Amino acid sequence: MIKSKILLLLSMLLTPFSTVAAVAHVHGVATLQLALDESLLHLNLSSPLDSLLGFEHQPRTEKQKTAVRHMADQLHQAERLFRPTLAARCTLKTYSLESPVLETGKHKEHDHEGHDHADLNAEFVFYCAKPNELRDLEINLFSYFPGLLRLKTEAATPRGQSAAILTPSKRRISW
Amino acid sequence: MSHLLHIALRSAWNRRLTLGLTLVAITLSVAMLIGVERLRYEAHRGFSLSVSGTDLVVGARTSPIQLILYAVFRIGEATSNIDWKSFQDIADNPLVAWAVPISLGDSHHGFPVMGTTPAYFEHFHYSDSRRLSFIKGQPFQDIFDVVLGMEVASQLGYTIGDRIVLSHGMGEVGLLEHDDKPFIVSGILAPTGTPVDRTLHISLEGITAIHLNWVGGVPMHGFTIPGEHVRKFDLTPKDITAALVGLKNRAAVFRVQRQINEHKDEPLLAVMPGVALEQLWQVIGVAEKTLLAVTSMVVFVGLSGLAAVLLASLNERRREMAILRAIGARRRDIFLLMVSESLLVTLGGIVLGVILLSAASLLLAPWVQANYGISLQPALIYVSELKLLVGVVAVGLLAGLVPGHRAYKMSLTDGLMSRI
Amino acid sequence: MALAIDIQNVRFRYAGAAADCLDIPLLQVEAGVRTFLYGPSGSGKSTLLGLMGGVIQVQQGTLNILGKNLVQMRPAICDRMRADHIGFIFQQFNLIPYLSVMDNILLPCRFSLRRQQRALAESSTLEGVARRLLSRLQLEKTEHIPVTKLSVGQQQRVAAARALIGKPEIVIADEPTSALDADRQSAFLDLLLQECTEANAALIFVSHNRQLAAQFHHEISLPSINIAVPIENTL
């Protein structure tokens, strides 16, 4: 029973940053959820804007506006950011980006002054011709977004569920 | 070479007391190192094999690891329950293929009692997508039927038709008993090597039934409802401990997880068991590494002791080395003599350590299983331990290099040393 | 007659020493001949024996053992020469304490295939050869006694048996009798001389006791052949 007490203690230590993993907003950290179903590889990236941009308000200066454009440009080229196993022959099918800074035409609901946090949510869907060959995914976000220090990944594939924390020196998840 | 080995063996035997003590130290340290690694391996294996095919585990809001620990591994207790209504909402979600409720809290001779539905036997998978199977009997059908895990049946000697009284709460002694409503064994599950083996399974209605006349954790004084009358009551549970959920489409797991986490009526937590286990390893990994480092240090200390003993013996063996040189031994032979002695003791320590550990794990397996839920396989050595043993041999070799080099240098300066 | 040992212009100096320890213009020992080498302590005796055995590497000159020059020879080859062709007997503590009398005697046959083959030419088993040597050296029934239980005289005879097994061409005895009392000295010497003659081995017998020199073909005084300037030398 000692062990179970230790485990409980450990699990309680983990509580603050795990319970709310899906909605956690920690600068420098982003979350990537990966689901493989049949031929479709779903990637869902959610990140505090700070990790990608260095700020979380509406761009004010020219420099900040350039940064937002730059970020969007990178995310539009998802095949550079995410490299699934080559043999699986995956190609980007659809994607969507969602963030207050990108909704330029709309009412800027989140852009009142203060210390509000803002996120980016992006979803990418790859079609894989040989999904059985899909065993790993290389993630190059760290190269394009130096503000990103850790990427928490969660995966659901036919081989089971897994989780891993990626860093600039460990960029590949496999399953 | 064989004559050198013979000499090394005889020489070692000549100094059997000091070397023997060193051997004991190395044996114990190796047994400790391998023991830690074996527990780690078995814990990982046990946890990883315990659940499969379940996409989400749902419980009251707590930490994901805690939820997995109590819902799947029966370690610890739930802080709060979830409403039956919430469970029904989850089961009704169009993306959900199946949902199995779990109700924990009672026990029988220290084994946990779990209330569930017959669907549990259909949907719960373990290991590599293996289903539960019955070696005797069938799933519970009556309110007072109970299905036993293999270990419960074998340890307590139960078979089909036996009557069992459940206890309220967990623990071994001092528990209030549900002795007014005994259960009858309807089935025994085949062994799985998972917590299922240690669980008594009854229907959710059974859980409700045995608590009908209970208020606040104790039976109401002077008021009993005989077993045959409970059927007249509405036995739908008010709440359950957790739920196992399977999805129609795996890719929906994150969506369903979010939906459940944002459930309006009460705070719920849905976790992916595989992900929670990874998180558990990440946390435990630090402790494991520390433990492995400490035991490695113990082995290192043992082997340093060996090097020290060999170095200390060099002076008294100077004459012996000179004689061997005069007879024709090469300096390399003298070096090999020291190294082979060190390797002999190291290998001896490894062999004895492995045997010691195997004997200990054979003896302690039932106790470890009962107290920590880790099943130790009756194996002499695991493949995963080989790399550690290779490391021990390498360090043992290094420990021999120091006195070996010393002896080599000494044989150079001593010459034939015809005078003493 | 062929030379068992042929030393010409050999100089040796220990690493870090200020002066030569040995400088021998000429020292020759013929095969099968008994030579008495007289040398008081400090005359470079141990060094000379080490050189002959190839344990100490020669830096300069010619050092032929049975026609092979040890100068410039690889240490492992020197070790092989020693194992194959030379038997050593020291003053005392000749034996490996944890090996039996038999194992001690057979050691040279373990390190030298040549000694083993030559021994097997005499008898079908190595143990047979060893037993014959033991009986000739009046050591019957000591075979299984731990060597530490033997008297000093017995130990020296076991050492002689070990030096002689497999008939090496050269036997070097360094003060083998100095730990024995006078009676046993001559008895041991007689046995040793007899066995060397039997094996046709050249015997180099080192001693500071010149009274023993009478039974040898030659007597050589080390100080007279070593022209190195004698300095304080503890060896």
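By written order: A, B and C. Residues from 1 in each chain.
Going forward, contacts are C-beta pairs under 8 Å (C-beta built on N, C-alpha and C of every residue); 3 or more make two chains touch, one makes a residue touch a chain.
On a predicted model such as this, the values are computed, not experimentally measured, just so you know.
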(message) Can you tell me which chain is nearest the middle of the complex, judged by mean CA position?
(response) B
(message) Measuring between Cα centroids, what's the chain most distant from chain C?
(response) A
(request) Indicate the whole-number Å distance between the mean C-alpha point of chain B and the mean C-alpha point of chain C. (result) 66
(message) So the centre of each chain is just the mean of its C-alpha atoms; given that, what is the distance between chain A and chain C in Å?
(response) 83
(message) Centroid from C-alpha atoms only, then distance chain A to chain B, rounded to Å. What do you get?
(response) 34
(request) Name the residues of chain B that each touch 2 or more other chains. (result) none
(message) Quick check: in the complex, which residue numbers of chain B touch chain C?
(response) 3, 6-7, 10-11, 13-14, 319-320, 323-333, 415-420
(request) State the interface residues of chain A toward chain B in the complex, per the touch definition above. (result) 1, 3-4, 6-8, 10-15, 18-19, 21-22, 33, 35-37, 40, 42, 44, 154, 156-158, 160-165
(request) Name, in rising order, each residue of chain B that touches chain A in their complex. (result) 52, 55, 61-66, 69, 75-76, 249-254, 257-258, 261, 269, 272-275, 278-280, 282-284, 287, 371-372
(request) Within their complex, state which residues of chain C touch chain B. (result) 41, 45-47, 49-50, 53, 55-56, 75-76, 79-80, 82-84, 88, 90-99, 103, 107-108, 110-112, 162, 174-175
